[in-house]
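So that you can tell them apart, the chains are marked A, B, C and D in the order they are listed, and the count of residues begins at 1 in each.
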Amino acid sequence: MVEGLVQRLRSIVGVRGTAASRPKQVDAWRRLLSECAEAKGGEVSARTRAAALAQTYLKLDDQARHAFLRIISLEFGPNPAQVAAAHASYQQAVGSAAQWDAEAELRAALRSARIRILTQFNAIPQGVKFLVDLRADLLRYLEEDPELGPLDRELESRLAAWFDVGFLELSRITWNAPAALLEKLIEYEAVHEIRSWADLKNRLDSDRRLYAFFHPRMPMEPLIFVEVALTDRLADNVQALLDENAPVFDARRADTAIFYSISNTQAGLRGVSFGSFLLKRVIDDLQRDFPKLRHFATLSPLPGFARWVAKNPQELAAEGLELDAAQLAAGEWAQDAGAARRINEALAELAARYLTLAKAARGGGRQPQDAVARFHLGNGACIERINPGGDASAKGMQQSFGVMVNYLYDLDQLETNVESFAREGAIATSAAIRRLARPKQVQ
Amino acid sequence: MVEGLVQRLRSIVGVRGTAASRPKQVDAWRRLLSECAEAKGGEVSARTRAAALAQTYLKLDDQARHAFLRIISLEFGPNPAQVAAAHASYQQAVGSAAQWDAEAELRAALRSARIRILTQFNAIPQGVKFLVDLRADLLRYLEEDPELGPLDRELESRLAAWFDVGFLELSRITWNAPAALLEKLIEYEAVHEIRSWADLKNRLDSDRRLYAFFHPRMPMEPLIFVEVALTDRLADNVQALLDENAPVFDARRADTAIFYSISNTQAGLRGVSFGSFLLKRVIDDLQRDFPKLRHFATLSPLPGFARWVAKNPQELAAEGLELDAAQLAAGEWAQDAGAARRINEALAELAARYLTLAKAARGGGRQPQDAVARFHLGNGACIERINPGGDASAKGMQQSFGVMVNYLYDLDQLETNVESFAREGAIATSAAIRRLARPKQVQ
Amino acid sequence: MVEGLVQRLRSIVGVRGTAASRPKQVDAWRRLLSECAEAKGGEVSARTRAAALAQTYLKLDDQARHAFLRIISLEFGPNPAQVAAAHASYQQAVGSAAQWDAEAELRAALRSARIRILTQFNAIPQGVKFLVDLRADLLRYLEEDPELGPLDRELESRLAAWFDVGFLELSRITWNAPAALLEKLIEYEAVHEIRSWADLKNRLDSDRRLYAFFHPRMPMEPLIFVEVALTDRLADNVQALLDENAPVFDARRADTAIFYSISNTQAGLRGVSFGSFLLKRVIDDLQRDFPKLRHFATLSPLPGFARWVAKNPQELAAEGLELDAAQLAAGEWAQDAGAARRINEALAELAARYLTLAKAARGGGRQPQDAVARFHLGNGACIERINPGGDASAKGMQQSFGVMVNYLYDLDQLETNVESFAREGAIATSAAIRRLARPKQVQ
Amino acid sequence: MVEGLVQRLRSIVGVRGTAASRPKQVDAWRRLLSECAEAKGGEVSARTRAAALAQTYLKLDDQARHAFLRIISLEFGPNPAQVAAAHASYQQAVGSAAQWDAEAELRAALRSARIRILTQFNAIPQGVKFLVDLRADLLRYLEEDPELGPLDRELESRLAAWFDVGFLELSRITWNAPAALLEKLIEYEAVHEIRSWADLKNRLDSDRRLYAFFHPRMPMEPLIFVEVALTDRLADNVQALLDENAPVFDARRADTAIFYSISNTQAGLRGVSFGSFLLKRVIDDLQRDFPKLRHFATLSPLPGFARWVAKNPQELAAEGLELDAAQLAAGEWAQDAGAARRINEALAELAARYLTLAKAARGGGRQPQDAVARFHLGNGACIERINPGGDASAKGMQQSFGVMVNYLYDLDQLETNVESFAREGAIATSAAIRRLARPKQVQ
């Protein structure tokens, strides 16, 4: 039966499904989606049918997928008249004993067929991953087609329920993990590219830890992962950390854990956040294994620094720098030790001001402009130290003229910091950072 | 920090938490729940706090738990004024491009703090099980306190998302399963009591199969399980099936699979159904392992039969039976072979009428009164045969005067049956059942 | 091919193989065994053939098995003439460079086809278990037929290599273990019968530990297991330990581990010992999990005590006891508290003398007569305390009039004790035991 | 205690153990080895002591290890006088009932302390691997020091018992295997070098299989592995097989399995063979998974071909070839298509003669000279086809001027072939090979 359905769908869709505009195809989808929404022939059959639809979706091209999702978004929403009626009853009942039933009725009236359809797609073998990837599609189409918004928000809300942090498993990943999983790390690493299997093996050595969150139904797909170096100092240079020839540190002697790379992997989970939980759980795990650990800090990029400097040339001038942003990014200046020292001092001051003063456009002007800063400050970390020359890679020069930053996770301060950051946008910094950020005096 | 919180809560609640009525305690809960709802101090801290609250809940007695849940239900719902405003914008936007944003806003206005609080309880180690058990509490209190309704429906909807059948794992349970898991089967078996470990082992023998659905976060808790006998005939007697001394049938020769017991185990998952999916998946698995299987059928109880007969004494009279329902349930008549034959013939006719004609009060008078019949007919099975004397246990006599029934899962007919049952309440039966159910002619 | 062989064998052997004496059958075996021994058709075929022979063996009755093993033992040994020649070369070569090759040649001449045949039986799915069970058969037949001796010793030596303690896995067994494994514990427990699954569950509670050694090729067969109670005193009564209704002790507070039952499970592994390694490894594991543990001791039976008393009535007389051994074993005296106190005092003295003075017949009169004492003293334990009334079960009364004994494993003394026990048969005891064992003065 | 021992040993041995010649050190070893051999202080202590000795061994350099092993080999052998006495009793008892005991006594007299000591080394965590590696050392020293022979043979015999094929596990290795395991394949591959992780992944694709034998105590160490390509023809070129860019074949359509690489991995297991069992088990597994498979064949190198040609220049002359062996190995001729065709024809004839006629020096002149041919013919395969130009790699040209060969495993012929090969050295070949091998007629 299902085979027949798939056949039918394929013949409609055409080999590569490019015919999204053809009305016949759209009608066929519409009918099949209705059958799913009504659970015709029972729930078991509906799932089978939905699975066939999901398989078909995978064969469509972008244009056809977009068309398919538009149908779900626009034609399977709630009925405004029913919502109006339920709402009227609800408002009338407020304050009476009937309020609570009325609330439930209103909620039911808003429950759309969209999410029912999407949930049924969960029936295919890799169903959860399918929906995460479908949302990644949706987010791309959404940029140009805001009418997909309601579908996106319903799907986000469902994914947020499914990916509740309570369901996620923290796993330590070692060189004993399946190659098929390790390969994903190489693919997903978003901060400091993993250049080879030897590079990866080095990041899994005895003085390193790599942790990831997994969903029980996506066992080979890390959702987010963090790379940690165990050491005895606040690391200031990522090339030194990643040097495959550096001697292995005796981890039992470590008093410091450096989080030097955090990567989200699933575009389709945008808005479903688990980074802060990951760090919390990783710190717990490290404390258990290494009782001597005292300091937890990051070695982080400043992804928006170069962009900000380019837009604010007056800041360069105030520092007395004669190079412009492009020249700084090119990095030739780093060859001349004397010049480099002077420029790096200036960059440290600029970076301190960027981190503490530059605000994001959205969010009412209270959020830091730098995305990485927003994340760590939101978790309660403080800006501890700025490291000019911390990342000499081409990417590091382009993003931030080689500057890196240490965020410090002082466990006793986290909650207070979270609160004052949330309430007043207060940014926790070390005294050194405050000094660096102080406005330049005209002399 | 959390330790401190637990301490604080305990001192408020008192040793066994009986002081639910004391206003101080209620105020303390209110404040803590607000902190959870607002995620004060960040999400990580909020979860920690919620975990402490959950631990406290476990120490409360029923009266205090009820009071606690009332607070969540009544005081953490949506704000009617905000809902009204969002609704007005929505109705105004209908038909315009703004409709879709407005829909999302209205949905957001309805999203309550209740579910946020409950979800955070998921943070404790056995969080999912905690919430399932909390809902079991809720359902008990709800019987007398309908104002808990909105909380219950929000929780049911969240649990339905979490226990989506796409997340469940079908496992075959054998004698190699952990004793701690097998023990749960003994505890949860709801149809034919498992009397001993030897009885259980017999139900896991080579001519038997036992399958269960599991949630990945409740690995030792079967959610629902079904017991199957592999045989070469339509089984008509459950004592014969459960006889530990009966010879083991060579399963490779089996052409028939008998589902002789299906038990739901989690009271807190009422309304979240997976029985039909279980049977579908089990049939698939059996077909793979035993390609000779041709027939899939149940040997099922009629749990409401005796009750129906007691309420409809005229049916007994029409059959010319002189015993009343209580006498039938007592079962002495079964000792006299001649009488038993006559009475069993009458019971077969009564049972056929009960199954095909007696309707449930709710559901518009179209649903069968018998819960087991509703389940199997809803899955597309047909009533194949009635077996008087099929269950000679005390429970079997009490429930149905010993009558059992075979529902047949004819894979080619399932979808059609589901449809006509859903559309018109049509009950699929064999010709033999139709003959038995025919009204008695006055002679 | 193999099917054909099995057929052939079966037709020869007859349905139940009772025809061991029939010459035809014996000839057939002889031929097949020769083919195995010569690895005719290559090693792969030889294993296949051996597997078929092993399957056949399983269908034979005791008489036929005995005959079969005799053939292997008597007809597949080394060739005396070849041995003589190799020996002559060896003796001639002693002291010269040729000695080492000559030694190897002599060894090769002694290598028999017997062990080659037996090893090939390893090819059947449960091959190791098959050979262990075959040796159990062999040991039974050996009692009456010493000519099986060489085969037994070769097999023992091969099993000793295979079951080298370095290959065994120590596993802790909990209530989460497979029921099929736990069932074996019930079957194999040799000291204090496990009466029910509830009794077993109690022995796996949080204040108990149960450890077993496993061979990697017999994963569901414990080879030996020990039951441990975690407590805060030297336990003196086994019924108290096994009381299912006794409160659970908080194991984190335990300073004492009591080994209250040790059972060997495989008759076929006689002479291959791992008991002392088991205790060593268990003590290591317990120390890791419970750093507060200070004392490791047994609560052990005296299996030969009653027998010794029965044979030495003068000992009873010396204690002034009027009951004979049979009356003591009957146990009625235990009802009268006053009498019991007096008798138990006498039994303590008798037991102390039995343990320290009674010697086994074999072993040159230096080994203790009591097998359990031999085991623990050989491991370096000392006799710490005697507990009259320690085992009120029928078996306990029969074996030892209810007396039990604590052997203490003082980790600092073990090696010294092992040495002096091995060298001079010295028995380590506490001062209290020495006092009890002192000969009665004539008054 | 053990710590102390290790300390003591280290101080004697010196930091890198170079002092093997110093008599003090040798005396210390001698004493410790004696303590192990006598199991002083009990078996448990003896193992602990042996483990310390094993750890020390790992720190020694080659010279010291050799010295250490010499002590074991020469000083812990059997006592010739005891052997003589036991042998005399044995010969006297032959034919009498006492023969069997006497045989056991003689065997016991030959049992040396050497193997006891070595077995105790099994106590360290990676004990089995330690002994396998120790034997690899031994085999190296043995080349120059034949007096290590008896120790080697005793160790080989023990390892043969431990690595009995009945204990080995056949595992299929996929891209889901631990990276730490896959890395070993890259390291151990002995036939066609694995150049990169991408190359390895290609060998694990859906039209490939890789199987290995494992010992339960060496779970991350493949003992031997075979690489298989599933295809629809007799593969004739290994570069084509290993081409990462070649399209993936649909394995369900495969009728032929090509074994294109077999590697032994443990030098220390020389003489313990499991290659033939591996192929047998792999064929069984493949037949289960791919019921359409009809042909099982290898694509194999001729490792000794070029050497044989170099030693037999007259063969080149007989073929009318003007190139000598060195020129053939250089491979320039392969650039000229016309020349290459002619030369390859000649090489095919030469290879056929080499495989069928050239005999190994040892083994009485009946064994083929080519080691790979010996292995496959010994397993019952036949020489099916010769493929000039089958391996264009530098190694392929050096070894065999690019020639490869297919050995065919015809399951119906295996046993017969094994027998006639074993009995008369008969080499099974296809008709084509027989034609090629025919001596050149003088024209």
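The rule is short, and it goes like this: contacts are C-beta pairs under 8 Å (C-beta built on N, C-alpha and C of every residue); 3 or more make two chains touch, one makes a residue touch a chain.
Just so we're clear, the structure is a prediction, and the values are computed from it rather than from any experiment.
Student: What's the overlap between the neighbours of chain C and those of chain D?
Tutor: none
Student: So, what's the distance in Å between the C-alpha centres of chain C and chain B?
Tutor: About 51 Å, centre to centre.
Student: With chain centres taken as the means of their Cα atoms, state the distance from chain B to chain D in Å.
Tutor: Using C-alpha averages as centres, the distance is 61 Å.
Student: For chain C, give me the residues that contact two or more of the other chains.
Tutor: Counting only residues that touch two or more other chains, chain C contributes none.
Student: What topology does the chain touch graph have (line, ring, star, complete, other)?
Tutor: Topology of touching chains reads as a ring, each chain with two neighbours.
Student: Just spell out which pairs of chains touch, all of them.
Tutor: Those chain pairs satisfying the definition are A-B, A-D, B-C, C-D.
Student: So in the complex, which bits of chain A are touching chain B?
Tutor: Where chain A meets chain B, its residues are 1, 40-45, 47, 73, 77-78, 80, 83-84, 87, 90-91, 94, 97, 100-101, 103-104, 106-107, 110, 119, 122-123, 127-128, 146-147, 149-150, 153-154, 158, 161-162, 164-167, 216-217, 273, 276-277, 280, 378-380, 414-415, 418-419, 422.
Student: In their shared complex, at which residues does chain C touch chain B?
Tutor: Its residues touching chain B are 175-183, 197, 201, 220.
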